[in-house]
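Next, two complexes with chain A in common: one pairs it with chain B, the other with chain C.
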Partner chain A sequence: MKIESHEHGDAQVIYLKGKVMGGPESAEFQNLLKKAVADGKKKVVIDLGEVEWMNSSGIGLLVSAFTTVKNSGGELKIARTTEKIESLLVITKLNSVFETYPDVISAVASYK
Partner chain B sequence: MSYPLKTEHLSIPSTPDQLEVIDNVVEAMAADMGFDKDALADLGICVTEAVMNAIEHAHRDQPDLFIDLTIECYADRMKITVRDHGPGFDEDAVPDPTTPQNVLNLGGRGLMLMRAMMDEVEVRPHDDGTEISMVKKLVNSKK
Partner chain C sequence: MPATSKPIPAPEASAPDSDSTKPLPENAPPCAQYAPRAQRLNELSILADRFAKELNEGKGDAALAEKFLEVSREAFRGSSMLELLREVEEEREENRVLMQVSMKLSSAGDLSEVLKAILDSLRHVVLFSAAGIFVFSQEMDKIELDMMVGYEGADRGKVHNKFKDGFVQDKGIVAHVLLSGTDLYVPDVTKDNRYVLIREQTRSELAVPIKIRDELIGVFNLESDDYDGFSEHDRRVLTAFASHAGVALERARSDRLRRKAQQIQEEFALARNIQRTFLPDTMPRFDPYDLGGMNFPSSEVGGDYFDFIPLTNTDMGIVMGDVAGHGVPAALMMANFRACLRVEAKSNYDIPVILSKVNEFLFETNRSGDYVTAFYGVLDRRTKVLTYSNAGHNPPILIRADGTLRELSEGGLLLGSFGNVRYEQVRLHLEPHDMIVFYTDGVTESQNSENVEFGKQRLIESALKYRDLTALEIVRRICHDVHLYRAPDSIQDDLTLSVIKYVLPA
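== the complex of A and B ==
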């Protein structure tokens, strides 16, 4: 998994790429998210457009991120889910939890 | 009764850096067999799921304990067996991760994903641990 992070207005956008399988780079994602929350970011978007697949450890990372942002008074949204990720969200019923958007721009624009 | 055309045996330490190695081996063997991209993803998800299960739950804090994998390529299917040497677990004790009260749990989705993505999944105890075996059929690789 590769991780990039950019500010998009007042939103923090985190880009995940490759296979999200709970390897050593999971800590990098968690630290990035903790820093965004510590910096007061209330709008966090995770872009999954370049993710090939994720296993349950990767799904756990997303859930953990969702809860961390929510507990700090913010909102986490997901952009660019692939067909594979969509099917994983349906199987796990997390499609009822995560708001998903076709691209980062519409995800960022959805914040009130 | 059929016999595998190719078999690979691997023993790996219980550390997360092995996940990528195992995924690469399984996906390369499956690609050679003709599995499509979607099925390769299913196999990658499920083998890393089973190995992660052994690392996190069976061999907790014991990276020197080895996980044994057998990958068998048949003409019409791939069979993967992952064997740990931990205390074992009760599958029925894992709460349903899809209920409203559990949907935000951090874990507990591994076996559910394996059962959704593979054609056969079997969890059974062995002499000193647990063995998970799973089969993905080549003809039904769009499952």
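== the complex of A and C ==
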């Protein structure tokens, strides 16, 4: 898993790439997220367009990220899901919790 | 002449000590440190025997006599006969003590006992007021193990702290030896600014490194109440003892690692056995339904769970669940989930209530990001109705007699990640020859060497191929197909499958 992070206006956009399946790299992602939240970021977008593969641990990573942002009064949104991720979100019914958008720009624009 | 044709090794120069700082070769006899002098005396006695023999035979040889005198002079140079005899006696005693230490090392198990034995034995051959063996942690930031005698007045914690500070500031004799890896003798501690006071009475201090092979692991330290309390001879003896301590420590270290590995293995085996009891080992009879299920954990313990829970004579609880993640954390959460679900399933009738309660329980007790996906249903054999709710789990597949398919996905969110979740339930009427295949993602996500997943379609095809067999046999054959499909080096998840078949009596 590769992680990149950019600021997009007042939104923090985090790009996950490669295989998202938990493991040691997940700590890096969580630390990044905690830092964004500590910096007062309320808008966090996770871009999943370049995720090659994701398993249940990867889903767990998204769930805990969602909770971290929500608990600090912010909102996490997802941009660009692959077919595989879309099906995981449908199976787990997380599609009823996560807002997903076709690209980062529309995800950022969706914040009121 | 045969006697002189044999070359006699020249006696070594009188300073054989240059080698004494080298660690002993492995398996060296304890007396190896003292070879030079013993060797010379040995030569002398061989020559004396030969000389006496030849004199007896009337063959006195001038050259041999000359050689004898030469070697004698060399051996006796700088020391009187009495001194020499005393030294020989001392060396004998040292060897005896070292032999004892060796024997104790090969029999004793407890490391502190061994270190204590080394200190006790050392007392017989070297005079000291206080002694300590200190073994440092791998990061060299603290004393991991110590054995001290003669520090009665000193507080042990303080001793540890002093060494620790000393190591950081390069103060103290022990810290210096540990940093430099070489011996250090300070004949007058009051005149050496590296010295750190631990015992008021100490006047001189001698410390040598303890090594395992070439790795420095600790320090063997002696203190004396006398100025210049240790001799060169003491340093050699201490070095020999330190090398024994090294051997003992190395053995203890590998013993400890082996025991630890064994303990972990035993704990895993125990956990696996406990976990097996969580899964049905025999399938309950529930006519007209045939039930079968199997689980293949990817590691010693897994996070998959299937169950058939007899609720009443006519109702059977049916569970297929998957805890995110692997190994012990997943297994513990699985045990938690199972216990909770079984309690709620037996005390509630309404499936959405059961799942909401289980969800709330897991949500309160879990770390964020840990979750369970589960299908729970109750099959009523009187009405032939399966009432179910799917909490984020891979939808079981209903395969009807005519081949039509239906996925049982209605329900609600995965369990344990969010509070206040509501679940819906669905009533499904089962027809004769209906078959439902329940599975975890390990089945459909198994990948072949081209990274293509086994997928739902292959699962359905397999199930159709074996549909005339018993439920358990169908499960076994599908699992076999998955095993054949997946690349041996691919990521291996737990595999769990169960099947319900509506069988009409023949």
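Everything below uses one rule, namely that the second predicted complex is superposed on the first by the 112 of 112 C-alpha atoms of A that agree within 3 Å, B and C clash if a C-alpha of one lies under 4 Å from a C-alpha of the other, contacts with A are read in each partner's own complex, and residues count from 1 in each chain.
The rule is short, and it goes like this: a contact is a pair of C-beta atoms (placed from the backbone, for glycine too) under 8 Å apart; a residue touches a chain by one contact, two chains touch by 3 or more.
Being a predicted model, the structure only gives us computed values, none of them experimental.
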Partner chain(s) touched by A:I91 [first = chain B, second = chain C, both, neither]: both
Which superposed partner A:S106 touches (first chain B, second chain C, both, neither): neither
Touched partner set for A:T68, first chain B, second chain C, both or neither: second
Contacts of A:N31 with chain B and chain C, given as first, second, both or neither: neither
In the superposition, chain B vs chain C on chain A residues touched: B
Touching partner for A:S57 - first (chain B), second (chain C), both, neither: both
On chain A, positions contacted by chain B and by chain C: 21-22, 55-57, 59-60, 63-64, 67, 91-94, 96-97
Residues on chain B engaged by chain A in the complex (per definition of touch): 16-17, 19-20, 23, 38, 41, 44-46, 48-49, 52, 97-98, 103-110, 112-113, 116
In the complex, chain A residues that touch chain C: 21-22, 55-57, 59-61, 63-64, 67-68, 91-94, 96-97
Complex contact set, residues of chain C against chain A: 322, 324-325, 367-371, 373, 391-395, 409, 411-414, 417-418, 441, 445, 491, 493
Residue numbers on chain A that touch chain B, as the complex places them: 19, 21-24, 26, 52-57, 59-60, 63-64, 66-67, 84, 88, 91-94, 96-97
